[in-house]
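Quick one: the structure is below, questions incoming.
By written order: A, B, C, D and E. Residues from 1 in each chain.
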Amino acid sequence: MMKNSIFNISPDRSKYPEKDAEGNLMVDLDSQKYVKLWQGPQHPGVTGNMSLELTISGDEIIQAKTHVGYLHRGFEKLMERRKYIQCFPTCIRMCVAEPDYNEYNLAAGIEELSGIEVPEMAQWLRTLVLEMARLQSLLRVVPGQGGTFALGLGVQWGVYLRDLILDLFEELTGGRVYHMYILPGGVRGLLPDGFKKRMEETLKKIDEFVVNIDNLMFSNAVFKQRAKDVGIIQPEWIDQFGIVGPNARSAGFMRDVRKDYPYLVYDQLDFEPMTMNYSDIYNRARLRWHDLIMTVDLIRQIMAKIPETGDIKAPTPNVLHWKIPRNETYIRSESSRGEYGFYMVSDGTDKPRRINLRGPSYVHAISLLEHMLINANIADTAAIMVSLQTCPPEIER
Amino acid sequence: MTNETNNIVEDKLELEDKFLAPENRKRQVTTPDGTIIEVDPLRDYFSDARPQIYRPNSIPVIENFLNWARAESLWVLGFGTGCGSIELPPLTTPRFDAYRFGVQMRATPRQSNVFIISGYLSVKTLKRVVRSYEQMPNPKYVIALGSCTINGGMYYDSYNTINRLDQYMPVDVYIAGCMPRPEALLAGFNKLKELIKAGKAEKANEYVENFDWYKANQKKIIKDWNMPDYNW
Amino acid sequence: MDFDLTKLLFTLLGLLIVLNWGILMSGIIRKIGARVAKRYGIPVYQGWIDLIKNYAIRSQITHGIMFYLGPVFRLSGGVGLFLFMPMIFGSEHWSNYSFQGDLILLMYFQFFGMLGMALGAGEGGHPNSAIGISRGLSQFTTIEVPMTLAVIAIAIQYHTLSIADIVAAQQGSILNWTVFTNPFATVAAMLSVLGAFGHSPFNLVKAPNEIPIGPPTEYHGTFLGVLRTNAAILHVIEAVLFMNLFFGGASNWFELFLKSFLIYFWSVFVGMVFPRFRIEQSVRWFLKIPTLLGIIAIILA
Amino acid sequence: MTSLKDILSPFTAWKNVILEPVTIKDPINDRPGAARYRGFHKNDITKCIGCGTCEDICENEAIDMVPVEGIETKDGDSGLRPKIDYGRCCWCALCVDVCTTNSLSMSNEYKWIDTDPDNFRFIPGVDKKSWDDNEAGWKKPEPNYEFYGLKRAEMGELHPEERDHSFIEFIKGYSKQQAQEEADRCVECGICTATCPAHMGIPDYIRAIRNDDIEEGLRVLYETNPLPEICGRICTHKCESVCSIGHKGEPLSIRWLKRYIADQVESEHYKKILETENLVKNGKKVAIIGAGPSGLSAAYYLSLLGYECTIFEKLPEAGGMMRYGIPEYRLPYDQIDKDINYILSLGVEIRYNVNIGSDITLDQLHLDYDAVFAGTGLHLGRSTRIDGSDHENVYQSIELLRKITLGEEIHVAEKIVVIGGGNVAMDITRSLARLQKIKYGKVQTLATSLETEDKMPADREEVVEAREEGAIIDPGWAPQSIEIVDGKVKGLHVTQCLSLFDATGAFNPQCNLDNKKFFEADMVVESIGQGMDLGYISENIKDNLTMGPRGRIQVDKYFQTSLPWLFLGGDIIQGPDVIHGIANGHQAARGIDNYLNAKG
Amino acid sequence: MEQLINKLQKSFKLSDVKHQRENLTFVTVKKDSALDLVTHCRDYEGFSHFVLLSCVDWIEDGKFQLTYLLNNPSGKFDLGIRTFISRDNASMTSAHLLWRQIATYQRELKEMYGIDFPGSPRVDESFILEGWDEIPPMRREFDTKKYSEDTYFPREGRGSNDPATYMKSKLYPDDEK
């Protein structure tokens, strides 16, 4: 990309480090050519609590390993010894950034396995909560991409606005971060009085933010230099690695569960997820910025179309001993990071036999990140990681 | 460190046992709760040197003044150990702006005074937390967030998370909640400031005094003691 | 030169003023920065508390003798700059130990602290500090290029290497300031200021979200206190240097405060809204536009 | 190459420097939680019944049920209160939503900072906290938001028009689906168990229904109650009155569920399921007087222990009050037979038409048997003793009912007034109403009682059903006199009854004499309680017995009288109630066993 | 979907076909042909997206159920391929060459269930746990609560009462049962 090759100091890595017969890198740390650099878990640049084991030569990474497990709480084990209703407080903590998708997936899975229809009002409210969750997550992530390049201003504004969304969450659901709003059969409350007005006020502020962040980040010469042509996802990797969501969309693949497998009331909403055909950090950030605008628009649509009132919960069996016959299913929903799926197996008792979370970060943060970091500059590691929007708790659960 | 080097260390140990300084030899220690445990300093302690007790300044006026400065300048280690770390960004951003109260985030344990244990600790993280905690200079303070640090919280029956933080490191302030809101965290900082100004936040010395007991507890659950081979 | 106690006392007093002004200045700047982020930010006096706190840290961990010396070198770099820097134009007492050709010495002292730091931080054994140092040195070298070019340009322009003389040459009218007489050199120098103050886009050296804190990552307590003391002095002194070279110096303390503040503020003004460059990008950048401007300045001079 | 816009536009961010920051000035005090915020717990300690449902649903085991000083354990209140460990809680508020009494709620307070980790435990409502009075905070969402059904599963019943002229059982009983639906509502708190005189394992057999394990259910039933078919129909279901679900909705129909289990099993399978095919006899003999619930219960449990039991029954068929006091439409005779036949099949001998005292004396029984249990019931009616109550057309309900069962002809007038508000009064009212319907084609029966409608001792559904069948229930009147003109009953004079009990709690009705009423009738039936007939106990025995208050014989907790071989139980000790009788019989069986074991 | 299953039925022995939704079907195949089926579906049936590899422990049958869930992005439907392997010395052919991410799944299964995938990259490295020397924790015989109580000593001083038993002890303490 750099035309003036005098300044291009990237060395040619096709020859060394040498590879052995099986194609593994031969990295001899004692040769003084390489340094092993650990990033994380105590590291401000790493998303969440995970760590990267980097082998670097100069400023360049020649080998990367993702280490996870710092947040492992054994959710899947814990849920196997909890009743279905008790799984809810547990499962929402599997991803702290957007807990609502856990709630929804588990509830939808239980409903599918035991054949419960959710009232329409509850469906709308669920859609609203899921979109709000996406919004608050994007408000952190979109400017967060600037944050990885030390452009902290956007993060400051974004986190403030996210807090306003959390206030609305608190009003609607009673919880600030962990909402516990979606339960099997329905949701836990109608919109409070004046909610639509306050939501619109907040959305106006976000509209303003969208413009500001465009000025600050996306029209920023330095940001462009840092983010363009770095951290490229090749289109052929999409299927090879199982990339989903915005990361796949930026490479030209339309992967959006809301469109592909419409759930809740998404078929009644008018939206078109964006795709791009060149996936570097800048485009991925830009795509998320477009997603942010789309989410704001979706929330406005929901606010306009949501019924005034209605049943919030279908009658369910007594939650204290709700048994589900032996069966299995896979439930997916579109989180801000991509397809978020629950593989659920019931065995006829009041406790699930197995609930397996398939989070997008599982592939993004491990196999894909390890692959993308090779030959990257160590200064870009945090940026690449954030641009994939990894979330460690959903990897290790 | 590879297994090979481990073995070498072990061999050395046997040879050099009698040449070791007394504080580095294997010995039996009585813990505060009365049980007797065996301690092998060379294998059990992370730090090169056993931590020391640093007594407060003997002149009350000076100590009070220094404590005032310590209280008003709380540098927090940026280590998100659990869910609670999601509430740290709001704390340092416009909504709550903890900077106003002298609370700042630092990226390295060496320069931090406050360790916020933001919720549950998996065993794997605990190892890093202990390491970071030991790297922090004296005086240091620990704020424990949420149920998980008090009695296991949600994860009381998990095989991979600890139940009681006070078994592994001394804690100054506990904040109830799952997770506590930023406001509660700010109130926690206020409480911590009170404690520091009153000279009651000497938990770092407490850690040293009961070092063997804490180490025994840590050792009981952290089975893999290998750390990256440089001092990070 | 005879030993002059009065001069020494005034110099020390000046150092004290500069130190406190440095702390206050960064406090004000941080407060302004916080405003941009829509918050109130730290109290302006937070810098002093932090400093006291750092000196109040009880335990010091050492990684060897050079580890001790690092901050000392760094401080002596800062104090050295101060010692040879005429502060107030025309004042007998506040011109410190400036002399003919002090400009060259100052250029050296700018580098001195960095080198000391390199030695000390290298001893720390932490890979982050090693990476930070190597980046710091390479970036600093490239910062020096336009800076030196600009200095050479004005040295040619004013036919002197004495800062006091350069300041003197700019007196009279505001139009006599180098900024107007030699705009290219000024721009080149002002761009290198961005790097010298270590704000983004040129703060990769300390990049917290990559190599936490960079070189000083292992420093704590008193060491950090020394480093912070030095930073406060250095920020003022560098600002004063540019003030003397390009903005007509200061004839009283108030003028000094104002001008140094504005020069320092310039770096924050840019740094606040731009992300940081990668090291090779910043090197490339410095070697391009500012260097070009510096060369133009020399040619014009 | 970068455009100028890319360099300049970021600087627009500096416009914020002149704007007021958005920071909250005093976040610690200025930010109460939202109106729905799930903050710290509150508990309305007077509403809470300590059912422990919150403990069951808490996935963190954060809640302990602990005794609290000043709160007594009583029927319908376990005396326990939830103690919450904030070292466990995750503020999901499932405990609030599941709370059976809506006593548990949350405040919007969220700050609790402490240096001692052991302090984070408290009993909401008991340990005073600053947030106890916070109005805001999470409450259970309303309406249509429940974790369990509040409505009973619908029970098939005969329509009033179908049933008002016949004595066919009109409650159809649950189908499997209905039973499971109903059983599903149970929260397994076990509050009911203590209130049930027989302490039946109610949650256990309900769980058996849910699991569709009828055999297990039957086993649980027979642990404490050998007459499930009967109890499943006519039990006074005190358990339902304390059912924790009843605080928010309709209590579980525990009685019908019991009946469901018994209905499902054919009598020939009982022995196999209950593993009573090979009982080992121990050679000791016990005589039981009266084949009522207590006698049958005692006989059953004694048989299980190996005793040889002989029941002496005065009437031609077994069942006592259950058969002779309860009309057939509520308790069909074949169901009584089913339960009794099973008990008899265990080797219990029964001798009908034997009158103790005249046919065989109690002393004789003492000599012939190792122990004697008497559960003779209350077969004498009580009279109001008002003017005219000695007229021949003034009847005792208990007599009429007995006659109906025996198939004797009874006098059914065109207009009838029943005095009494209990279940027996309803039984006779409805029986007479049916007979009137058969005889005259229309119902003109009226029942009145001292108690006002809300305090009537009869079961609510009895009153409702009686009305459905055409009877008039007009409660709250004190009978004054029966008007008799020309030797014929013309009606009943009543005055409004203001209160039944005086300040000391003694029975002392106060009437408003100005508010009078006259019920026309050709026939009056008194149904205000029953008395016992202890005539079979000879004087020499009676002299040796210690008497308790209200003319009853004193017994210990094993229903053993001061004569160690004589045990008394059932209605004569506890008052009229089937389930008490069963419980007494069971307990007496234990007492007899203890006594005989000690005797050797 | 039906058509596809019928087609696959010809070359593979599918059992237990369950159409869970119109776009989700589960089938069971023998252990030996499982990966053949997965490969076939990837190469010829358009199932280019690999969703997940999961394991279910049917301890009562002595079997692990491995589920390969494949997705056809263009047809928009999923196929879950189940296969059962023995719990003792559990082992399965590695599929890491089919999709890059499978290696991670296999690492996790090795650690959490003790299922061996010979040849899978880094399969023996610890993935999530560190220094774990108990039986693999996701196996159902591993009692996490007991382990937690033994290892992490919960805070003392707790104790609860069952309402029914407590009422019994208070109201009729002498009653035997």
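Please note the rule applied: a contact is a pair of C-beta atoms (placed from the backbone, for glycine too) under 8 Å apart; a residue touches a chain by one contact, two chains touch by 3 or more.
Here the structure is a predicted model, which means the values were calculated and not measured.
Novice: Just to be sure I understand the contacts, which chains border both chain E and chain B?
Specialist: A, D
Novice: Counting only C-alpha atoms to place each centre, which chain is farthest from chain E?
Specialist: It is C whose centre lies farthest from that of chain E.
Novice: Measuring from the mean of all protein Cα atoms shown, which chain centre lies nearest?
Specialist: When every chain is reduced to its C-alpha mean, the one closest to the whole-protein mean is A.
Novice: Using the stated contact rule, I'd like to know whether A-C or C-D comes out ahead in C-beta pair count.
Specialist: Higher C-beta contact count between the two pairs: A-C.
Novice: Just grab the chain with the largest centre-to-centre distance to chain D, centres being mean Cα coordinates.
Specialist: Most remote chain from chain D, centroid-wise, comes out as C.
Novice: Just how far, in Å, is the C-alpha centre of chain B from the one of chain A?
Specialist: Whole-Å distance between the two chain centres: 31.
Novice: Quick one: report the Å distance separating chain D from chain E, using the average Cα coordinate of each chain.
Specialist: Once rounded, the distance between the two centres reads 48 Å.
Novice: Between chain A and chain D, tell me the centre distance in angstrom, where each centre is the average of that chain's C-alpha atoms.
Specialist: Distance between chain centres: 55 Å.
Novice: Would you kindly tell me how far, in whole Å, the mean C-alpha position of chain E lies from that of chain C?
Specialist: 61
Novice: Among the residues of chain B, which are close enough to touch at least two other chains?
Specialist: 93-95, 97, 100, 107, 124, 150-152, 154, 156-161, 164, 178, 181, 232
Novice: Multi-chain contacts in chain D: which residues touch at least two other chains?
Specialist: Residue numbers touching two or more other chains: 10, 13, 21-23, 59-60, 85, 87, 90-91, 117.
Novice: Quick one: which residues in chain C touch 2 or more of the other chains?
Specialist: If we look for residues of chain C contacting two or more partner chains, we find 34, 36-40, 127-128, 208-209, 212, 272-274.
Novice: Under the stated touch criterion, can you name all the chain pairs that qualify?
Specialist: Listed in label order, the chain pairs in contact are A-B, A-C, A-D, A-E, B-C, B-D, B-E, C-D, D-E.
Novice: For chain A, which residues are in contact with chain B within the complex?
Specialist: Chain A reaches chain B through residues 36, 38, 41-44, 48-49, 69-74, 77-78, 81, 89-90, 93, 96-97, 140, 155-157, 159-160, 162-163, 166, 176-178, 393.
Novice: Which of the residues in chain A end up touching chain D in this complex?
Specialist: Those in contact with chain D are residues 82-83, 85-90, 153, 160, 167, 170-176, 178, 180, 186, 188-190, 192, 212, 215-216, 219-221, 224-225, 311-313, 315-321.
Novice: Provide the residue numbers of chain B that touch chain E in the complex, in ascending order.
Specialist: 123-124, 127, 150-152, 156-164, 167, 220-224
Novice: Going by the contact rule set out above, which residues of chain A touch chain E in the complex?
Specialist: Listed in rising order, the residues of chain A that touch chain E are 68-69, 72, 74, 76-78, 80-81, 112, 239-242, 244, 253, 255, 260-261, 327-330, 339, 341, 343, 345, 353-354, 356, 358, 362-363, 366-368, 371, 396.
Novice: For a test of understanding, state which residues of chain D touch chain E in their complex under the given definition.
Specialist: Answer in residue numbers: 50-52, 55, 63-67, 73-74, 78-80, 85, 87, 117-118, 121, 189-191, 193-194, 199, 203, 223, 557, 587, 590.
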